[in-house]
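Going by the order they are written in, the chains are A, B, C and D; count residues from 1 in each one.
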Amino acid sequence: MTAAAACDAETVEHARRGPLSTDELAARIALDIPPRSYVNLGIGQPTRIADYLDPAAGIILHTENGMLGMGPAAHGDEIDDDLINAGKVPVTELPGAAYFHHADSFAMIRGGHLDVCVLGAFQVSARGDLANWHTGRPGDIPAVGGAMDLATGAGQVLVMMSLFTRSGEPKLVPDCTYPLTGVACVSRVFTHHAVFTMTDNGVLVNETFGITLGELRERLDIPLVSGLT
Amino acid sequence: MASIVATADEAVAGIAHGSTVLVGGFGLAGVPMDLIDALVRQGATGLTLVSNNAGNGTAGLAALLDAGRVRKVVCSFPRQSDSQVFDRLYRAGKVELELVPQGNLAERIRAAGAGIGAFYTPTGVGTPLAEGKETRVIDGRAYLLEHPIKGDVALISAYKSDGLGNLVYRKTARNFGPVMATAATTVIAQVTEIVPVGALDPETVITPSIYVDRVVQAAAREPGACGVC
Amino acid sequence: MASIVATADEAVAGIAHGSTVLVGGFGLAGVPMDLIDALVRQGATGLTLVSNNAGNGTAGLAALLDAGRVRKVVCSFPRQSDSQVFDRLYRAGKVELELVPQGNLAERIRAAGAGIGAFYTPTGVGTPLAEGKETRVIDGRAYLLEHPIKGDVALISAYKSDGLGNLVYRKTARNFGPVMATAATTVIAQVTEIVPVGALDPETVITPSIYVDRVVQAAAREPGACGVC
Amino acid sequence: MTAAAACDAETVEHARRGPLSTDELAARIALDIPPRSYVNLGIGQPTRIADYLDPAAGIILHTENGMLGMGPAAHGDEIDDDLINAGKVPVTELPGAAYFHHADSFAMIRGGHLDVCVLGAFQVSARGDLANWHTGRPGDIPAVGGAMDLATGAGQVLVMMSLFTRSGEPKLVPDCTYPLTGVACVSRVFTHHAVFTMTDNGVLVNETFGITLGELRERLDIPLVSGLT
């Protein structure tokens, strides 16, 4: 299913099953990444999406520490201290790769050349504001890395996160209470419970998993749209 | 044009108290470990450290911080699982932090090297990191004004140098080295190998010799022996 | 990611009237002669041409100008011993000229590719080319505010492309190609040779495939046969 | 004689000989270029200085179209269409050369990394203003190229020119009547008749050739200083 098709359709409820596992979520996101696109997968969970990309689709992975054509994680003899991803994990190089320095790498990001990035999040607001770099709690030390650059520069910013905190609070919110990473930058939010698309008419629910649209509406403090027709 | 020097201690000689020191590397790739160790021995204090990270484990930048030599850290990603030295000093108010998005950090360093007085970047708009910065709308998009970061000294790591100081890098160890090499009054590189003038293909030189002041061959290092691997 | 196309005519198909066209080359090195010839045949008119020079002799850009296709030229060095076509049109008021110092030209093109909204440059301060531009004193030095130059199309020449569009250049024919490749909606490269994916050393790629849309192998050309050599 | 020595000394008059030939002038300028420096020789006459640089001095030539380590003009089989200097003349490559694109080349210039550039001039003012890109005459088509970038960015801007126009008017003037290339940027002016240094105390005459200091004072409309003691 393409993103465009999903946007136009009514919400598809998969209520009889449980929420997606993180691997299922990664696989679901992989479906939405167009063939031949250039993609940055954020550190942490989004990295797993790489395992579910169709090798025939010709998708090329970017890592902001200076590489296009990044391959899977390196193991054993493949490990090379000079070849790591943004999460500092040893990786491999695919044919057709290219290396470049940090200013060139972020020129690529900021200049809008990446088609897609997938980031984790503490919170996303209904208008697509992203918060993923700082808890804002006193004493917590912030670390922003490349998150603000990716949120601002990538063609499409997708978020992969849990929909609820461990204590059950929604992370898709009317307004972020955490410090922002970027303003109105997120186009889609993928969670274990549902897939959402930010539209001019509000937050559209594309699919639910282990929950109904009605139940979602009760648990989230934002208006939810079901289909754009 | 570089002088080839015999030891890392000789390479870092003369770094003054209160210097701004740019230090290359991302994760452990491209970190000029010999030069940092030598800087710890050299004893300069009151340093402003500009680097992507703020030290891992207990060696390298962490050791420099632990020795009380650093007044301020300018970086994108100070907080990591093993950034305990920075964390402790920061929480004790013993080191100042200027947090800069990774792409703005790279571009500000480039600007210093390229003679750009300041530039407008979209990264960080609408976030707490925009506080105190001039904003401007250009062609309907909001930008922040960012200023150059110039070093008194840059410590970088490269793969090979020729006898003039032309440098090539290896894989993602390239990262900040090439931009930092343009942006400091004195640029000091440790390299794995020094080759004769004429041995590097001029098409593949990443940092031309014009930027490099001192080159030292890195000490052979046992894998895992650096204390942070 | 590039499509490899069979002919220069196919490569320039669809260039719209009124487009801004960035054209690589300095002197005759790196001039995409096949693509310019094809653009003459293609017929787009009302073009804004961004290039270091404004045509030499009667072929290439001079032929494009002579055919009345160019509304405006943005360049650093229009007047040369053999720029008679431009000279005639300019003196007749048939083509507009925006003269830009060569470094500001390169940096403005880079800014467009790197997502920089505008930048302060010292070049041109106190000269007639500063007229109408915002000036600002930063740290005691005067600067001019310069804006990005973005192309609808870039026509460049490189030495080799792999099947994805990763490009390497040759000697001083590199010149404007790499920056123009970052700064246009559609980037079209003519190359001397197309090699398989994996045949280029990833350390030596100058223009990564993310920037390149179409690649065509240049026609074999007799030395001196291009009409401007 | 070094530049510093010349500045402190009284004017040396070589009045019994004629003015320098252009080759002698080129040789005289070559004497003032420090060993191991990075130098850009402007198009036209300054190019000739290369022939008089001591090969043992390790001076490295920059050409703004993307190269360091430029060698002498190419002849016969050495000629390579992809290897030209800023004046579009085929040149050669020396061991230790490096190629880079135009934005990087002018970042190098603008960022202050070149030690010296030598430019031609229409006029230089007593305070070091440079005019060399435009006659300002109606109908004349200007071409600035890299002149403004070099004038603004190089560590030392030296001028090589005739001291008088063909009709005998001085080209070293109280204020330039031609459009400016750069403001207060020239540090030394080398002419067939005399060598001048711009100082805070006025224009110092270092040497004269075929003319006395007294005769120079009569022919120039600016105060001339003889020695700084």
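The rule is short, and it goes like this: a residue touches a chain if its C-beta (ideal position, glycine included) is under 8 Å from a C-beta of that chain, and two chains touch if they have at least 3 such contacts.
In this text, all values refer to a predicted model and were calculated from it rather than measured experimentally.
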Per the touch definition, the chains contacting both chain B and chain D are C
Could you compare the number of C-beta pairs in contact for A-C with that for A-B and name the larger?
A-B
Return the distance between the CA-based centres of chain A and chain C, expressed in whole Å.
36
CA centroid of chain A to CA centroid of chain D, Å
56
Whole-Å distance, C-alpha centre of chain A to that of chain B, is 30
Distance-wise, how many Å sit between the C-alpha centres of chain B and chain C, to the nearest whole number?
34
Listing for chain A: what residues touch at least two other chains?
67, 93, 99-100, 106-107, 109-110, 152-153
Two or more other chains are touched by the chain C residues 107, 110, 114-116, 121-122, 169-171, 203
Quick one: do these chains touch in a line, a ring, a star, all-to-all (complete), or other?
other
Can you name the residues of chain A that touch chain C in the complex?
36, 38, 58, 60, 62, 67-69, 93, 95-100, 106-114, 152-153
Residues of chain A touching chain B in their complex?
63-67, 80-85, 88, 93, 99-103, 105-107, 109-110, 129, 134, 139, 141-149, 152-153, 179-183
Please output the residues of chain C touching chain D within their complex, sorted ascending.
26-30, 52, 76-80, 83, 86-87, 90-91, 97, 99-104, 106-107, 109-110, 121-129, 159, 169-179, 206, 223, 229
Note which residues of chain C are touching chain B in the complex, please.
107, 111, 114-122, 136, 138-139, 141, 143, 147, 168-171, 201, 203-204
Listed in rising order, the residues of chain B that touch chain D in the complex are 1, 110, 112-116, 162-164, 166, 182, 197-198, 200, 202-203, 205, 208-211
